[in-house]
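Report on the following structure.
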Amino acid sequence: MIVFGKRIPMLFSLLAWCVIWEIIGRAKLSTIVPPFSGVLAAGITIVPTPKFSTAVSISLRSFALGMSLALLVGIPLGVLMARVASVGKILGLWVNIFISAPISALVPILMAVIGIGESTVVVTVFLFAVFVIVIDTHVGIKQADRSLVEMARCFGATRSQVYTKVLFLCALPEILAGVRLGVIRGVKGVVIGQLLIAIIGVGELFELYSQHFLMEEFWALVIVVFTFAFVVSESVAFLERRVEYYASTR
Amino acid sequence: MPANAIIEVKGISKTYEGGVEALAGIDLALPQGMLSTLLGPSGCGKTTLLKIIAGLIPPSQGEVWVKGQKVDGPGPERAFVFQDFALLPWGSVLRNVAFGLELRGVAKDEREQIARKHIHEVGLKSFESSYPHQLSGGMRQRVGLARALTVDADIILMDEPFSSVDEQTRRKFQEELLDLLRHKKKTVIFVTHSIEEAVYLSDRIVLLSPRPGKISQIIESNIDRQDENPEEIRRDKNYLDTVDRIWQILKQYV
Amino acid sequence: MHRSLPPFAWQLISFALVFGIWEFAGRWPISLAFPSFSQTLLALFSMIADGSLAKAYLITLQPLVIGIALSSIAGIGFGIAMGLSRSVEWFSLPVMIVLQAAPMAAIIPLLTYIYGIGLTSKVLAVVVLASPVIVMNSYKGIRNANPSLIEMCRAFLGTRQQEIVKIILPHASALIFAGLRLGLAMGFIGIVIAELLITPTGIGDLITYNSSVADYPNMFAAIVSIIIFAALTIHALERLERKLFPPEIRGLENAR
């Protein structure tokens, strides 16, 4: 976008949207769209409240636990699938089914088996995130440059050295891509899990604000959660870009 | 400027965004009906100059005149052959060769008929329905050449057309190109970094020096191409002398 | 030695293993609520037999199909506009990137409270979840057009319109199709969440109702059916995609 001959970076379009939002809100063009300033004001009021901070901290906790599990299980599983052919063939089928499946359909059964509580949300986050991490790790390791592995072996690398010094680093761009997608799905998992289970958390707050048409609070929460999702995924993307320079196969 | 100059380059300079000066003050006349080569090491702006003549890149300064008209974009009298072939991967050989005519709105039957003639000419007769991915690099470039011949332009601009094929195919191409052009009245402007290729093919060689691109020298070839067998040219004394002479000039720029 | 087994043999082994473990886990008294494989299978067949499964799918698929159709038309159109126009791109790209990362499901309760519990909110739930990925894929398809081919088109006197129709769009069609597939996956997610949250109908109803009467085999059977249905549909689209857009036709020489 070029205004008065100066190039304006794209990020500023978000500011333009805030202005448009303000105008639409003030003109009362829609009952569900309050002025942006009102949303900001509501945001500033609700964030320090204990209800909000409890909801957010619980949600963060579930997210962190679920994601850590997904990473701890997903990455090694992906490596295993890539290096041991039989495991790859057996698990591959299931991973491919579940990666695009509506996992939210499983939440009722999780609720019935595990109970109505935070652990179910953690498991939901885990299930949302793990499959894409497994697949991308698998692909990353599989596509790691064979000649580099051979080279390492030639120079006397032990098995674990091949993994840590060559394979894992080769696959790192792909693995990070999977982690980034996993993180996005994980955030969705927290929100959806909490919505469906109706326990304390940001999911519950969304439901609450919607029900009572507290639009300013609702959009404030939307901005908070959406910004969180964006920031976390862009942080991983940043790491990804730093290792991308040697990813020639992508 | 010689009377039969079909292309006149007047004071062309090109600086890219970011300050890279690719060409500085090029003045050149290229004769009609001959094969002229722009030769030089990387960074001498030869491809840039070719694309400016083609009208694909605007110059920062200066003008190019083709057939007495000022250039401000591509035109029907100039056809381009690309280094990376630039073939539609989803189109057959026939479609690709006829593409130039397709863009001009020529009717399908007519353009395919013309295309077939040129496909035959470049030696791809049985490959009309094949797709680029089924062809070798050399064959793909034949398609590119056929495409340029099909639009019947007076001037063919070739951007390192043989650099993406292997050495043996390259030599064969060079001989075939001379054969092909022998009976046509085309003007060819060729870009290469290979001295042997330039001397083998060209009637005139424009040497460019790098950073920024400037004309170093213009060498007229004294190899007789009309009578001599293409295979004999490489043993011609003039050929060997010219190659050596050019190398002595270009050596300092590498 | 592993290479001697054909792929479907591995699939059979895979199924057998998982179903075997499932059966075992179901019989083990970890939870009353966890049905075994055989129980679930029986429940599934009974629901197919009495037509309740078919009825449920008929209801569920309506908003899904409508929603995907709407998202596709609007999404592809908008994505192409973003790809072709720098101004549209400037305004939309940051927003779209955020929307793609964001948990759009948070909007679904709001949709219910505004538009009621009928078809509209369910269609909107599908649209809201599926659109971002369809838009982004169409956009990327247009943006990633091969610059060399575009230059070639210009060199042979192609107009901008010819450039778009003959070069950019054919090249983008592969990614656009992939976007549709991903959009469908998101659509399934949307419709499931909508049906579980909004007054359930269709498959959501089967799940919630059976949950409330503690008929876990039926509930699990319904869940399994939607997962398999989604997986099969998306897999079918993937195969179609591979057939229509093999890497050679897309010009990807070293494609995966």
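Which chain is which? They are A, B and C, in the order written, and residues in each are numbered from 1.
The criterion applied here is as follows: contacts are C-beta pairs under 8 Å (C-beta built on N, C-alpha and C of every residue); 3 or more make two chains touch, one makes a residue touch a chain.
Fair warning: this is a prediction, and the values are worked out from it, not measured in the lab.
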Could you run down the chains that neighbour chain A and chain C together? none
Among the chains, which one keeps its Cα centre farthest from the Cα centre of chain C? B
Distance between chain centroids, defined by C-alpha means - chain A, chain C (Å): 18
Intercentroid distance (Cα basis), chain B paired with chain A, Å: 52
Interchain centroid distance [CA atoms averaged], chain B/chain C, Å: 49
Using the touch definition up top, name the residues of chain C that touch chain B in the complex. 148-149, 151-159, 162, 166-167, 170, 248-251, 253
Please output the residues of chain C touching chain A within their complex, sorted ascending. 2-3, 7, 10-11, 13-15, 17-18, 30-31, 33-34, 86-87, 89-95, 97-98, 100-103, 105-110, 112-114, 182, 185, 188-189, 191-193, 196-197, 203, 207-208, 211, 216, 219-220, 223, 226-228, 230-231, 234-235, 254, 256
If we count contacts the way the header does, which residues on chain A are in touch with chain C in the complex? 1, 8, 10-11, 13-14, 16-17, 31-32, 85-86, 89-94, 96-98, 100-109, 111-113, 139, 143, 184, 187-188, 190-192, 195-196, 202-203, 206-207, 210-211, 213, 218, 221-222, 225-226, 229-230, 233, 249
Over in the complex, which chain B residues touch chain C? Could you list them? 54, 56, 74-76, 79-80, 82, 84, 86, 88-90, 99-100, 102-104, 131-134, 147, 151
